[in-house]
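Next, two complexes with chain A in common: one pairs it with chain B, the other with chain C.
Showing the complex of A and B:
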């Protein structure tokens, strides 16, 4: 910040200057690649620009166009479905964690193997589920055929496709929540559990009134990563359907990429406007998280 | 302990639990097991409609075919060329930033810290156009280094959060004692704090390795073609070429998943410690 005055004082107050030296390289990188680009995107969203020729200032025309774009509403609607259904991974992760929170032989291996889906890249998860759903020979397709006599091509059905992709996304996300809760359960105070048990608490009541309150830090992180994960969904949509059929599985992140960098044309300004909308939605959640973390930090002091 | 230890329950529930464990696991990993099976199934079986039966033979040659007929080797190499510099860069930078934010008290400390934290949650799309532009203007578009540089910068956010909290939990008296002895700030960082940061460095390294290895979006934005693209983007384009050649798609997927999976099993304790940071208070 005020590097010149600091360096004058540096011999007298070495400690006032030192943190900035440690911070400089990381801050510079973060500034150039993360902070400044956010504002640049905001700026670009007011231009008509193909990425090569001169950009033309068009004010809020990109945003006005979004309001009339059916693809935008499809994406927005799908993002909301993602967000709501993705939240299932929090209770589902807790259930699996409770199931695995035992000390029998080999349980460690079981825990690792249940966690497995999270370690694999989403591209691979997408391919695995594409195969799982594949019409004619996919495992799930065959199972449905066996039960109902009629297979369903989930990824080719406009009404089912988003749910099919979300199911693929839930698989690693549940694993993530599970591992957070397993760690949380390790730290649950056993004397409180025993005391509650003596008072006759058990089963759901015990879970709800004694265990879950103690798992609050794990729940907070699980919700944060799940919200962020749901709004960031790009890989699965891209791999499994490329937004199809007929654009019905688009989400904002994919719609943005499609407009700015694909065969649909290089509409950087329009893409940036979509990104700004996505960012605005995320800001609501991010500021909530930051506010809570900020309060905790202040509380520590 | 919750739920009640299975040992204290009736013999019947003990047996039920012992049976439920493997059954649940197989159901949970069913899609993955299916793909693993398909990857060693000869193409003849698939053509004959034998999708789930016993493979007529174990066709490990699918893996050889994938290597021989595609640029998979190249893609895997590119992934390492992006991932390894990113791990070194992001972990290195965040040792410095984390140290600064944890040890020194100055006015903008908490604000800077939260800028790093918030930046880490930002959607990639809001950075896409300017970062692509920046990379092009530096002459690094379509290079593994250009991709790695962005990853280093972005991961510094998460890594700083992690390192700062880790160093904050170390006993501050160590630093004070060294200062009384007249040790310089750099020496304190290098010889007092750094040696204690080994577990944090290990945990972050495996996490960043996995995140970057699995990145797909930025690979698509900043690279194009087999000469520079990492394995995630490579699989995407191979998938386009291999329509209906599921034995090859499966073999390629398994190969792409292998490095992070190995990393996870070798460094499991660190991996989980890193991922669950903050899940307990």
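Showing the complex of A and C:
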């Protein structure tokens, strides 16, 4: 009796243990790449350190300096502009998808047109747009000249540069959201649409109460990916303007890079303090927001 | 959404739809076209759309100036290597999450994904130091590991959504018939998961291929992939736009071709398997 229970247990055991064993490599990697560096950054932010000589403990001096730094506020403001304007790609993608969700001749080839911008590198996106903005012969420059009668060198204008870079980023982002919604619209239950129509729903009411609730999974992914995209602003900023002119297009991640790692500065401690502030903002606002959506989403399922 | 539409309206819609599509595609098209122009025609005023003297000289010059094949090889090794390594690490983890879920599984998943939203710059410095210590700077294999780690949350997430669709009863039945855990994963789960794994691989190859931040910061001459290749043509002072276009076209061509042939799987990948 006891022998048979034993053999049963020993046959069971690998199966009970396996999930943990299987999770281990992934979790270990994760710890190594994400968790440890975050604490390392927090630690370094209390030091004055050039990365080579001995680090000196200076307490919260880095943070106090940050509060007084104009560049910090410019970067923070730009980060917020990025996030807000990037979010526009979600409704924009939805609108285009709704319009296209009908029998259009050659829909397959047609869909691929939307699909390409998202698969090319941000480096290429940045270069193409810098070139479109180029004064004198850039296509967008020409277009502005044609419409307003006067060309504007967007990437050299302190007040416009951030919007110019965001426009470049929105191009692939809108295309992505549109693909997401177009795929999602395939799954919208047509009997519900029909039922709603019989009940007299149409236009905006139909969209808001019948279609959009069914697109929830798509909306969730669209927002998550858009937020990630907005925070990847580093790539485009670094390629298109290197934070210029006069630092007006910096975002926090680029500012940190400038302070700690570029050829201009080796202020590791200060850079780390910027990173910590950025982490804090992210965790509080964005994670909180997405977390809530995620909870709702789980509840629905 | 069945609706009666007149032929004329339909034609109008089709035209408008195509116009939007072409507008979205235009920047890429323009880049490809410009790569066949001479430098003079590339910046001509008014811009020339199709009627210019088609030339291949930009490609010849770009190839002469920098060895395209070396960058391409690096890109392929880094993108494919990091993806396959990621799959090896992620399949067991996703298996655990999908088939032996606990109360916390979904929260762990979300938590992993949320780290993708942290700025990469914040961890650049620790990783950079580590690479110096390990002698991995400008090394393809170092980059393979880093890119694998960066995309790991997405790989786990995608595999999880695909695995979840596999009915647990089938695995249960195999278990009843006496299949060991190894057999269960190897002979039952894997064949059913192939389409999901395939789209995960495709998407992540593309993500790793396009990754610029890490590849630009952790490589120099030896291990630099195509992102570095294009970035080296970005000096705006030179006004070499035709050559820049040729370099860009060469860098994005592999991904455009691959994307074209694997669109269906890729769309599922792009939507993280969550939207059908």
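Convention: the second predicted complex is superposed on the first by the 267 of 301 C-alpha atoms of A that agree within 3 Å, B and C clash if a C-alpha of one lies under 4 Å from a C-alpha of the other, contacts with A are read in each partner's own complex, and residues count from 1 in each chain.
We adopt the following convention: a residue touches a chain if its C-beta (ideal position, glycine included) is under 8 Å from a C-beta of that chain, and two chains touch if they have at least 3 such contacts.
The structure presented is a predicted model; accordingly, all values stated were derived computationally and were not measured.
Chemist: Would you check which partner chain A:84 touches, where first means chain B only, second means chain C only, and both and neither mean what they say?
Modeler: The answer is neither, since A:84 touches no partner chain.
Chemist: For A:207, using the defined touch cut-off, is the partner it touches chain B, chain C, both, or neither? Pick first, second, both or neither.
Modeler: The answer is first: A:207 touches chain B but not chain C.
Chemist: Once the shared chain is lined up, is A:64 touching chain B (first), chain C (second), both, or neither of them?
Modeler: neither
Chemist: In the overlay, answer first, second, both or neither for which of chain B and chain C A:95 touches.
Modeler: After superposing on A, A:95 lies clear of both chain B and chain C.
Chemist: Touching A:195, do we find chain B (first), chain C (second), both, or neither?
Modeler: neither
Chemist: Does chain B (first) or chain C (second) touch A:114, or do both, or does neither?
Modeler: Touch partners of A:114: chain B and chain C.
Chemist: Under the contact rule defined above, give the chain A residues that sit at the interface with chain B and also at the interface with chain C.
Modeler: Shared contact residues on chain A: 14-15, 18-20, 22-23, 25-27, 29-30, 32-34, 36-38, 40-41, 44, 99, 101-104, 110, 112-117, 119-124, 127-129, 131-132, 134, 137, 139, 142, 171, 176, 179-180, 183-184, 186-187, 190, 193, 217-218, 221, 228, 231-232, 234-235, 239, 252-253, 256-257, 260-261, 268, 271-272, 275, 278-279, 282, 286, 290, 294.
Chemist: Over in the complex, which chain B residues touch chain A? Could you list them?
Modeler: Where chain B meets chain A, its residues are 1-7, 17-18, 20-21, 24-25, 28-32, 34-35, 38, 46, 49, 51-52, 93-94, 96-97, 99-101, 103-104, 106, 108-110, 112, 114-119, 121-134, 149-150, 152-154, 156-157, 160, 184-185, 189, 210, 213-214, 216-217, 220-221, 232, 235-236, 239, 246, 249-250, 253, 256-257, 260-261, 264-265, 268, 272, 275-276, 278-281.
Chemist: Of all residues in chain A, which touch chain C in the complex?
Modeler: 14-15, 18-23, 25-27, 29-30, 32-34, 36-38, 40-41, 44, 96, 99-106, 110-125, 127-132, 134, 136-137, 139, 142, 171, 174-176, 179-180, 183-184, 186-187, 190, 193, 217-218, 220-221, 224, 227-228, 231-232, 234-235, 239, 252-254, 256-257, 260-261, 268, 271-272, 275, 278-279, 282, 286-287, 290-291, 294, 298
Chemist: For a test of understanding, state which residues of chain C touch chain A in their complex under the given definition.
Modeler: 1-2, 5, 10, 13-14, 16-18, 20-22, 24-25, 27-28, 30-31, 43-47, 89-90, 92-93, 95-97, 100, 106, 110, 112-128, 146, 148-150, 152-153, 156, 181, 206, 209-210, 212-213, 217, 226-227, 230-231, 233-234, 236, 241, 244, 248, 251-252, 255-256, 259-260, 263, 266-267, 270-272, 274-276
Chemist: Touching chain B in the complex: which residues of chain A?
Modeler: 1, 14-16, 18-20, 22-23, 25-27, 29-30, 32-38, 40-41, 44, 51, 98-99, 101-104, 107, 110, 112-117, 119-124, 127-129, 131-132, 134, 137, 139, 142, 171, 176, 179-181, 183-188, 190, 193, 202, 206-207, 210-211, 217-218, 221, 228, 231-232, 234-235, 238-239, 252-253, 256-257, 260-261, 268, 271-272, 274-276, 278-279, 282, 285-286, 289-290, 293-294, 297
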